[in-house]
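Please find the structures below.
Look for chain A in each of the two complexes below; its partner is chain B in the first and chain C in the second.
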Partner chain A sequence: MTTTPITGTPPSPAPATELVTVTVDGKTQQFPKGTVLLEACNQMGAGVPFFCYHPGLTSPAVCRQCLVDVKGQPKPVPSCYTPVADKMEVMTKSPRALDVRRQMLEFTLVNHPIDCPICDKAGECLLQKHYFDWDAKLARNDGIKVKKAKVVDIGPRIVLDQERCILCTRCIRVCDEVAKTHQLEMADRGDHEVLTTAPGHQLDNPYSLNTVDVCPVGALTSKDFRFAMRAWELYTTPSICPGCATGCNIEVHHSHGKIQRLIPRQNDQVNEHWMCDEGRLTYKRVHAQRLAAPMSGGVPVDWDRALDDAGRALRVALDAGPAQVGVVMNAQSTNEDLYALARLTFDHLGLGKVYLAGLDQGWSDDILVSADKNPNTAGAMAIGAGRLRTLLDLANDLKSGAVTTLLVVGTHGVIGKDGAPGALPLDRLTTLVVVGTHRDEVTAAAKVALPLAEWAESDGTFTNRLGMVQRVRAAVPPAGDSLPGWEILSHLARKLGATMEFTEAKTVFAEAKQKLPFMKDAEWGRPLLPVQLRFAGSRG
Partner chain B sequence: MGTWQDAMGVKIVTKGFGVPGSHKLSVYTQRGGFQAFPKALTWQPSALTDEVKKSNLRGRGGAGFPTGMKWSFIPKDAKLTYLVVNADESEPGTCKDRELLAYDPHLLIEGMLIASYALGCKHAYIYIRGEMMREARIVQEAIDEAYAAGWLGKDHPAAGGGGTFKLDVTLHRGAGAYICGEETGLLNSLEGKRGWPRLKPPFPAIKGLFGAPTVVNNVETIMNIPEIITRGGEWFAALGTGKSGGTRIVCVSGHVNKPGVFELPMGIPFRDIIYDVCGGIPNGRVLKGVIPGGSSMPPLDASEIDVPCEFDALMNDPRIKDVEVKPGVPFDLGGGRRLKSMAGSGGIVVFDDQTDIVALCARIMAFYAHESCGQCTPCREGSGWLARLCTRLARGEGEAGDVELLANIANGIGGNTICALGDAAAWPMLGFLTKFRADFESRVKAAGTAPLHKSLPKSVEGAA
Partner chain C sequence: MAVGVKVVNRPGSLAQQAYLPAIAEGLGVTFRHFVKNFFGNVTGNRKKTDIATMEYPEEKMKYPERNRGLHRLMLRDDGQVRCVACMMCPTVCPAHCITIVPEEAPDGRIEKRPMIFEIDELRCVVCGLCVEACPCDAIRMDTLDHAKPTYRRVDAILDKEELMSRGIQSTAVQGGVGAFWRERVGGQPQTPPAGAVVPAGAPHGPTPLRDHGHK
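For the complex of A and B:
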């Protein structure tokens, strides 16, 4: 699975559905009864074009672009609104079907500004694609086009270009059917019809950026992404959103080592075709305030020196009294990093005071967003297997002096957003060793701070709230000198006299899969190179 | 079976025309009103539907669909059904429902009572065009009178339907969109949504207003029901011609000496309507053509007016030429069926030899471009394109190939849209091109010499 194919795939049919036999362009195949004809045609490779149809939404059949000939039907039928029937014979490339579709495409283009050179959607635009695939002729309309508004600010995250809009109503249906709020509307009539916000509303629902994804043209653009990048210069890597415990499947779109945007990837068990706006912006933290180099005593040092210092500091503390050494795990870490840390902590060092940190609880809904803002709480709890304590326990242990040395791996939420830094009295520690992604209060207070790769920079797995172990892939190189957690921990283990010879994330995964029941069915998947976005990967 | 002349002078729905106070309940009862409804209550509802089937009553809104058959599509076990009267008359050239509502609203109410009883409907709606303010007031007063007199809102003992029958009627004013006269656009509008036509299937008889089985009938259609019950379906069928029962109301406008709304025999030819009923063409001019049933129907030229003004004749009569996409290539209605014309809503527009056909066509296209609901692409984009091209031709500024392009665009719209409004723009365009092609070709710039018409449609000025 690289990019979502242009047709998407339909929700897997209920088992034991009746099958019907359909003939498309001379080829015959069986489909579950009720399958949309358009899906059947395109699963058989007919490549029937469409604009308004979206596999995750209802079909209004308004664009008329998917008309095909069906034997026995007097006129071409909209295949997006026609269920397959037994012995149906479909001609997607009959002269009449080709001609009528070419004409529908021409109608769509009559008042379209064709400003592709300055359009953000160029390169991943369905209209552009269909034009090159099916028509590629000069316009017959030599008159003036209908003028509409070019830059309409319709919400905090989205800008609308009414001229580019082909009025397919996909965005209206995303709001109605996914976000369950009616914020977009059509106004006016005929070829002066425009998309607009419903009176008294703006497009500000928590799922509003899905409208940009489904927009087949460049009418809706994300304020965050517009003018940032030509789509065909982007590379895509499949991954998992780190924004909450839902674990929406995503594609990371990146270029030159920088993430440009996150977009949802279809998974009918988790997020179908969608993700929330908050999750989309989680990529920002990957490129902000990163800890780029190992630090020892407040100055940048090389890895060897930093690992020596960290190892020595921990060794001293362990020799003095292992009962006073605490370890903080993080629910933001991958299963692999957590497994490596658990092996070092429990198996090699035999420590008992292990705490779980993570971002604070937040808002939730019954659509996608979880209150738990960590992507791997389920994995951490399973790996901790009842041995994990809370940050409140840690605060008490620090105050009472029960813990004097602390190893923190992952600093997200160690010092809560609202809690004053004093709530966790790190200054009571004699030794603080931190493996962290960002320059924050925790890494600043550390004796030794080791730079940790973020989720988008490392391979691994997250376990979502449903217990599904999902694969995270490194999309961009780690910031500065940072390294994946399992690798840092392997080096640290060696310094502490333990043997933990992990050479790549996959070997950690393989071992964890054998040891941990919750991972026994997990799959690592094939290695993937980032795929450059071309028309072949057009999103639409 | 007699000739159409036998039915000349028979009045079914225009009996109230010209009667002082005819819209009052008291006058209506004096004229013999509210006798068919008590009679109908002694029948089983299904018998009423059978009687309407027997009468060959066909929908008067435009499509001419058999009313009895439409009623019979309502599922027998439906718990909740609706009757909606379509009074959103807005087809250019049509003005019959307005007069019917103004003169005889109680005939409509009685027809609705009978139809609702036949359909098992407890709440019926009248969707009236927003511009008809006077008629809306008259109809509302009539509804209030009918409530006060106990015809509406009270239980009536009935033979079927569980022993009693009670009907409530609500008048709803539209906001003046042509598309809301399309039955599913109307239902959406009535539900408070944007008046976009719905995809069919499901048809309203299965899933209509608020998701319940619904019959949508034209005002004139419903007004025929009481007479059918009083005098029997066979009498009504015999009055008409072929498979079309009853009389026909036509609204004649344009170049005739006596325009107006007339109730005429179903089989009367256009020649008799123009030269006898309407007193011929003024100023001694010659007939050029006729729009037979509202501006969305392909026109007839002067040689085709001996055809009866009846549903089937206008669709099939060999004397009417097939509408063509280009000379010699007939327009395909689907499955090889040919388009001639249709009786539509009875709006007859007569034009003489001084008429600028291209300007006329441009005005019609401007109307459909303005009224296209904008839901589906071919109609939304195509109707505006047609209007701009037509206007350009009407100005004598047409480019070479514009005539062929017009036909090609119209052919692309026809049959490929969600509702019939796409056809309503495409058919007359193709019809005018078929019958009056030379008029269009003379307006291409290269042709050079065509005189220009003074008044072009304002709504498309500057758009071309």
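For the complex of A and C:
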């Protein structure tokens, strides 16, 4: 979404790709029949402004900001509502088109409070952008502005400012068309028209924060992000939401090494323009209760010492009997971490008792949210190739004493929220070595605990429920001394006498791509530096 | 080749060539100033002396009104901080010396205010850009004062309370309360005052959106 605010891909044109020829400002190009004229104009660089149009929603043509002149038409037409036709001749910058658009902008601004200094949208606001692009004149309006309600609490996650609302109805359509619930409405008429919640409702659907993204102005603000940062202070890194198996494409917005918010990134095959509210909060865990330093015997030590201790403990156990050594993989890990772990356990150490952990199942719907709350279950299953056992098996093996030494890589969901079914008698173990992200029961019980980088701190790939291998990028530096999983496992392998020399995540990926059929077509993508939003134009 | 020497014949009387009269003349000037400054100062008649040196700290330089000195945060009518934590000043500050942590203000008409507002006067390059950037007349450098020398670096970081302690009420009326600005300035609504900077005429056309570099 952010990448394509104006020159977006058209909302999948009619399947029959009949082409029509359109002339925009003297330039001629062919478009599939059914393409929205606004998209056609903007793909040709006309930069026609708009407020109410959104490529992922229906067009009501209420804002009239997208008016252009079409040859043969008596009046300017709303380009967001007009499909292209053959031999159409469009003038986006004719004096009349410029004039009507400027008048519409002035009309939109009549009662606008111009709160920019305290408005969270400032810097990525379409109203600001269109004003500077197309008008940039002093106000002619001398009247007293109509006052409306500010800071209206309309739901658990969102605050409304009725004065800033430009009545574009995008938010209403997000609720109706994406979340499929009618929670927002317009009330009153004319100058006094306001956005409000539908009678008996509040804005609390599981996709409500998408309204904040699509709102072209700062009328809807997210309580979580409110006043945290100005938009231009943020850097953006593309990534994948770790919240569930859907694998929505997201942008991680971060600043000073801290994630500030997650927003959806357009991918028509996965999440189109949207993501769920729960997914947006997955960044919180990156900055809470992290295991920052390697621990050995409950005290922080340096990496060398911790790796020595971990290697020695595992060596002793392996020499005593490899059959009693178990390994826990995690469906929250990237394919690269899982591949490195699989190579170490299956190929080098020849271990058989490998278990798959992950967060418990949760709610789901048929919009985006999957019941599987792990982003990489598909990858883990494919890499495990039928050799993985469940946590229930692990619990039984621990109780029966079949496993006395355990290496856990990734502790998410190893001990379930409610204790069952993952309730593991970890105290039965003689040796527990943990590579984990957080300070939790598992790392606390460990003989040696090695700090693992979180999803947003390391490069890699996730495989979603459709089997698509999608790239995750490191957005923020790892917490404390933590390292990516494949790197820790390479060091550990060396201590155990195995050779597994990976130098960067990309080499792990390249090797996994050759060995694993499901990653055959995966792409690593080109290297990217985080882009500062200050230089990246508006969103909304 | 021999080095050519050109003899310059300086014209001059015997008195000039002897130097002594010129020395005496110079000493005379020195002595005259000495007498003037010495007795002028003793009598306290500063104007009559030629001394350019200021007798600091008894005497202090008078700064021009627009001097950029120590920062201060301006106050609202009710004594609260005027700043709305819009982050313009930390954004523009070339020395990155302003730290603001915003918070939600309990007064819904104000909405946003700084919880923490700190300026590191050691890092400040006294450029005044923060004052220029502020849309609210909330920060000023017109205290005609200097950053005080400190023993510890942390003491040079001024916090919100300290910055506000020098603050005064702004002349700007707050929150649209009070007379409409055009009535107050008595100006003509349609024509901006002479010399006002009017943004260049429209349309500029769209500013190209920079691709984030990724899809």
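The rule is simple: the second predicted complex is superposed on the first by the 521 of 540 C-alpha atoms of A that agree within 3 Å, B and C clash if a C-alpha of one lies under 4 Å from a C-alpha of the other, contacts with A are read in each partner's own complex, and residues count from 1 in each chain.
Note that a contact is a pair of C-beta atoms (placed from the backbone, for glycine too) under 8 Å apart; a residue touches a chain by one contact, two chains touch by 3 or more.
What you see is a predicted model, and the numbers here were worked out from it, not measured in a lab.
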- After lining up the shared chain so the two structures overlap, which partner does A:R226 touch, if you call chain B first and chain C second: first, second, both or neither? second
- Query: After superposition on the shared chain, which partner residues are touched by A:G47: those of chain B (first), chain C (second), both, or neither?
  - Reply: second
- Message: Contact-wise, after the overlay, does A:V531 reach chain B, chain C, both or neither (first, second, both, neither)?
- Response: second
- Message: With both complexes superposed on chain A, which partner does A:K180 reach: first (chain B), second (chain C), both or neither?
- Response: neither
- Message: Looking at A:L98 after the superposition, I want to know if it touches chain B, chain C, both of them or none. Which is it: first, second, both, neither?
- Response: second
- First, second, both or neither for A:R305, with chain B first and chain C second: neither
- Query: Can A:K150 be said to touch chain B (first), chain C (second), both, or neither?
  - Reply: second
- Message: Taking the superposition on A as described, I'd like to know which of chain B and chain C A:R140 touches: first, second, both or neither.
- Response: both
- So which one touches more of the residues on chain A, chain B or chain C? C
- Query: Touch check for A:P238: first (chain B), second (chain C), both, or neither?
  - Reply: second
- Query: Once the two structures are fitted together, what part of chain A is touched by chain B and by chain C alike?
  - Reply: 140, 142, 144
- Note on the structure: Within their complex, chain A touches chain B through residues 60-65, 67, 73-76, 81, 100, 103-104, 106-108, 110-111, 140-144, 146, 166-167, 185-186, 188-193
- Note on the structure: Residue positions on chain A within touch of chain C in the complex are 2-3, 5-7, 46-47, 49, 93, 98, 102, 116-118, 122, 129, 132-138, 140, 142, 144, 150-151, 226-228, 230, 232-233, 236, 238, 251, 265-266, 525, 528-529, 531, 535-538
- Message: Looking at the complex, which residues from chain B come into contact with chain A?
- Response: 177, 179, 194, 199, 333-337, 369-378, 380-385, 388-389, 392, 399, 405, 408, 412, 415-418, 463-464
- Task: Could you pull out which chain C residues touch chain A in their complex?
- Result: 84-88, 91, 102-104, 108-109, 111-112, 135-136, 180, 182, 189-190, 192, 198-215
